[in-house]
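This structure is in structure tokens; I'll ask about it shortly.
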């Protein structure tokens, strides 16, 4: 009752939620949630405690969270400027560039990993040079996992943020310019805060995608417990011998990611 | 499940006679769920079977053995399941989803795969243990991994691989691309790579042979076809195709 | 300083509209840009601010060339010493009123604390101290406009551009902000260009008025000059005069409609005739007065203007007449009624067109 | 020169693109595009013509495009209302629901397929009933492919559109309401066109993700040529026998998706 | 119809601000809501439109209860027969001007073609036919405001809410739209509530003024009543009077500041005193006139108002005085100068507070 002029007003004002929106929305929700219900029903609850007491599980989980978060960080640092470039400047071939950015989504995961190896592997285009000049090898390292995850996750961020930028009113940037803000300052202090919900959405997508990443990671970074074995790899391998364990591990992964996403303050996802 | 196998599963010659006897009954579409590593050979077998049994169509669903096993347990409309390891077949038999007892139809032996020309000149399992050698092994959860582990134990070699791969192909890819110096994989895979990698035999391989079981699926839509196809795989003609690809008769 | 502070020739082409406007101003001068809706006032301000590139022409400020399309020169908005108050404010929705005002200062490198300390007096001057923590979404329209004004002034611009800066202000605040603005403009000897629809604002704040219509200057000069000799209908309305264009021959001016006016000034050739609505006398029947200009007209509308009634008349020539409520009641005026209007030649003012 | 008041102005006005944005943007672009370059260099160009003449490739490609587009359609129909519900109404547990929506991203692909089987398979929670009541079985059918792809792709759409909705000014909906528009009409005629760039971005993400989908599809729908074998599955199988073919097929997939994405008019991705 | 068309008691609580406003109006009546920035005018309009729920009170229109928080009744905005012109227009950016106007009609079920055919005359009435295909982003400020007005009128609302509908219009268009609006309001016998800062708009358009300050009504009545007897400083400024509050004892009124005024009306107890700036006479030295009210004051500011100079004076009592430019020149007035001001008792007007 006290927050009378924030969100609840909207819900109140509109009184009834139109059926034509509510129905498909609920159907969509059921469609997304039902399979999870299936997993929960099937889950080997009695075996759960013993699964969870295994330190290997926690290692994989920790590694997953660290790598997914780092990959999201890399995506933000490189992807937000890229989105800005696509949305706010005009250059020949911009549409081709935008299409290229989405390609990692289309690439079958294993091929993605192979592509990464061809570029950054020991004998890759750039990797060869990284190796000989700096002695850096990326495959089979935790950094490699982050790279593989960023490769598949960044496009989500770029496309989301570009959409948000295009929907934002560029006249606020003009107002900032007349106050002496360089394009960079205007971007940092005006545009970015204004499109925070879009960036938030993109980051959530990228994070979740990175957390679930499997194909490119195992191909590029390999699978070594404690170093490059993330939860999805552990789940995949468990599936080979013991599907119940695999389902149990998946549920752990899901539970943790729900906890993180619910814990995200609404502030990251809403307008000022 | 091995205690259940009462039929003489391991006789190629007698099998082929049985197969030709039961073959004519097969009609319609036969759906075969097969391990991805069988793709090449089973595609061949399928064509030959269709030629030998006019009016039949063989449809293959290739995938990871375990994913296939999950599909079947969940009610996939399969007639035949050919797995890459007894362990995955066990998932299905445990769920009582096989109509016949699984039979081992081929076996596969290990080899060391090295980049073409064997630049590091690796000739034995022991050589892989050198710190300067980067090795990719299969994870122990998958058949090639557990077999490799058995061989390594038999050889008394302790080595730390850089990665435990999810399947043979990805281990092999890393050898092909030169990302690792060696891997322990199946002979069939080295052969399929068609000269892009070299294979090195090692004696301990004999202790770690992998069996490929095949079985008719319970509630198979085309039970007769399934039996005919299994018989054909086990026939001399079938074995010829399989051994040509590097598999060994059981 | 013999060269003008601002020396601009703004030429901008857009689909269906083109602007061609020369503007010069000395230091400390305030120019009011007036004109009907869609005349190109906002377009001109945007060009001055550097938000819209010139198609041709030039722009120099304090002797420095800021833009010259022929030479390929275009100084971006952020490098121009301008301050802009936008017609719809464009306050940053995610910043408090205080931080909106401090934004320009932060861009100049001040720390958050410094910029706030400097911004607060600006808000105080606008009477908005108590609203300093509010986001723009929680400000009323007039409050938002004052914040926008403070934000533009806070950076100490050399050229201040104001698009209807007083439109949303209430009567009292308007007076306060108007005198604030005047004081400030005088102190800083910057050039200011002000778009307004309020003739009073224009007269009070500006040293010179530039009236544009359809992208072209139709008249420019001091408020007094313009008020005396309006050259277009729009300006006549603005300064509250009846204006007609025709051809003079001695003391008679013949309009295109056929009507004729007798005027005090002797003149030949194309001419304007202007007289205030108060110079019109209305009569119920045909008057016997000495007035040389007599027409029978119809009442099209009646408005109360302060303590005067303004009658809009149509007929041989459209006319606005002011009379007291008492006179209006006596004449029993109502829309559609027929009346006789007279204007003494001595109260008209004729000048070459 | 004639389009003086659309996009080019922005590029012109800003004159210089700030290095602090340009540099990471280019780095990001290189990071995403370099592996593709690797694939191109490695590609078996001489074998290409023979690959492309195989009708099986075209079958798989056609199926991929049809299924990905259908899955995007399903995602739009169910996902946009769901996004609206998340962004514009207030109900307890909204954050949990949003977190649940992202779970299909986190789920390792094969587990996703298993979950779908548990829900919609012949013995699944709902599938059993679909089977007995209507004789509908979804697994191992083309419809199954669409369902599996929609399951993994819809979350991208929902989250993108929700972000766009949150960034949009709700006062336009209020203005529509005062003109007599019901919430549904206001949504259809005002909000949706205004957030078109966000929806466009979400649809592109969903489409690309569906096109590249592999794990859930192979598990839930199987891998039957002409019926459920999409390009990524064909690539996977080719990888088993002949990696060169796999790379050739991937390139075909990439080329087609670039063609589609470049062909998308900018209008789908920009504000009115 | 004996019951009023609009019968509202609007109570709204928001952080740091509360509105409590009773409004009634008969069919065809136009009410102007006036008040300083931040008084709650927009808040009141939002509550009437159903965009902001009432905390308490009620709202009835044409005898039908639209809102009654006590009974849990809240009719959503889309089901109220209201039309709103927003302070910042809120035109739909993706629709042409024509489709913006046709939007409400389409919501009533008209086809695209029908709605366009019906919307065009509305645009034409606003003089915007040639801009009908333009998106709002390509309209000038005043054009946008007229489109917003047409959009609100096109649905034929029973209650029309206008937040500064004429603020961005140029002088001529303002007159045209103002008379349009009047005609329209008269024809449709709907109730209109108009927020404006322009006293002239209020006087011309409204039958009754309601002045609010800080969320509360401070005065209500016909324009003439309010102009004669302003009760707050804001209103006095609005109608251009000097206003003082004090305690009367016979013909003398003592102010809180200690100053005393001699007035024409006899009165006791708390009282207001008002007189127009024109009633003030200024002198360089102490005058010997018969005027009873004489003060020595300081000039705080000088403004040109039309053809009058307005002097703002401070001292014993703050005062605005109007004089001719000639008089101002003769007195050599300038800011900071000291002058004597006299006001004849006969020109003051005193009334109970």
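A, B, C, D and E label the chains in the order they appear, each numbered from 1.
We take it that contacts are C-beta pairs under 8 Å (C-beta built on N, C-alpha and C of every residue); 3 or more make two chains touch, one makes a residue touch a chain.
These numbers come from a predicted model, not from an experiment.
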Notebook entry, point to check: Computing the C-alpha centre of each chain, which chain sits at the greatest distance from chain E?
Noted result: B
Checklist line | Pair of chains ranked first by number of touching C-beta pairs | finding: A-D
Notebook entry, point to check: Just curious, how far off is chain D from chain C if you go by their C-alpha centres, in Å?
Noted result: 54
Next item on the list: Please report how many Å separate the Cα centroid of chain A from that of chain D, as a whole number.
Entry: 14
Check: Hey, how far is the Cα centre of chain D from the one of chain E, in Å?
Finding: 54
Checklist line | Rounded Å distance between chain B and chain C, as computed from the means of their C-alpha atoms | finding: 88
Margin query: Multi-chain contacts only, two chains or more: what residues does chain B have there?
Written below: 64, 67, 70, 173
Next item on the list: Please set out, as single numbers or ranges, the residues of chain E touching at least two other chains.
Entry: 50-51, 76-77
Next item on the list: Enumerate the residues of chain A that touch no fewer than two other chains.
Entry: 5, 13-14, 16, 110, 114, 117-118, 174, 177, 182-183, 194, 236, 239, 243, 271
Margin query: Can you tell me which positions in chain C touch chain A when the two form their complex?
Written below: 49-51, 76-78, 80, 82-84, 86, 90, 92-95, 103-104, 106-108, 135, 138, 151-152, 155
Notebook entry, point to check: Inside the complex, what are the residues of chain B that reach chain D?
Noted result: 36-37, 39-40, 59-64, 67, 70-71, 74-77, 169, 173, 176, 192, 194
Notebook entry, point to check: Can you list the chain C residues touching chain E in their complex?
Noted result: 35-39, 41-42, 87-88, 131, 139-143, 146, 163-164, 167-175, 178-179, 197, 199-200, 203-204, 223, 233-234, 237-238, 240, 301, 303-306
Item checked: Of all residues in chain A, those that touch chain D in their complex -> 7-8, 10-11, 13-14, 16-18, 20-25, 27-29, 31-39, 41-42, 77-82, 84-85, 88-91, 95-112, 114-120, 124-126, 150-151, 154-156, 158-160, 162-164, 166-168, 170, 174, 177, 182-184, 187, 194-195, 197-198, 200-202, 204-205, 208-209, 211-212, 214-215, 231-232, 235-236, 239, 243, 246-247, 250, 253-254, 257-258, 261-262, 264, 266, 269-271
Notebook entry, point to check: Which chain D residues qualify as touching chain B in the complex?
Noted result: 110, 113-114, 117-118, 121-124, 137, 139-140, 218-220, 222-224, 236-237, 239-243
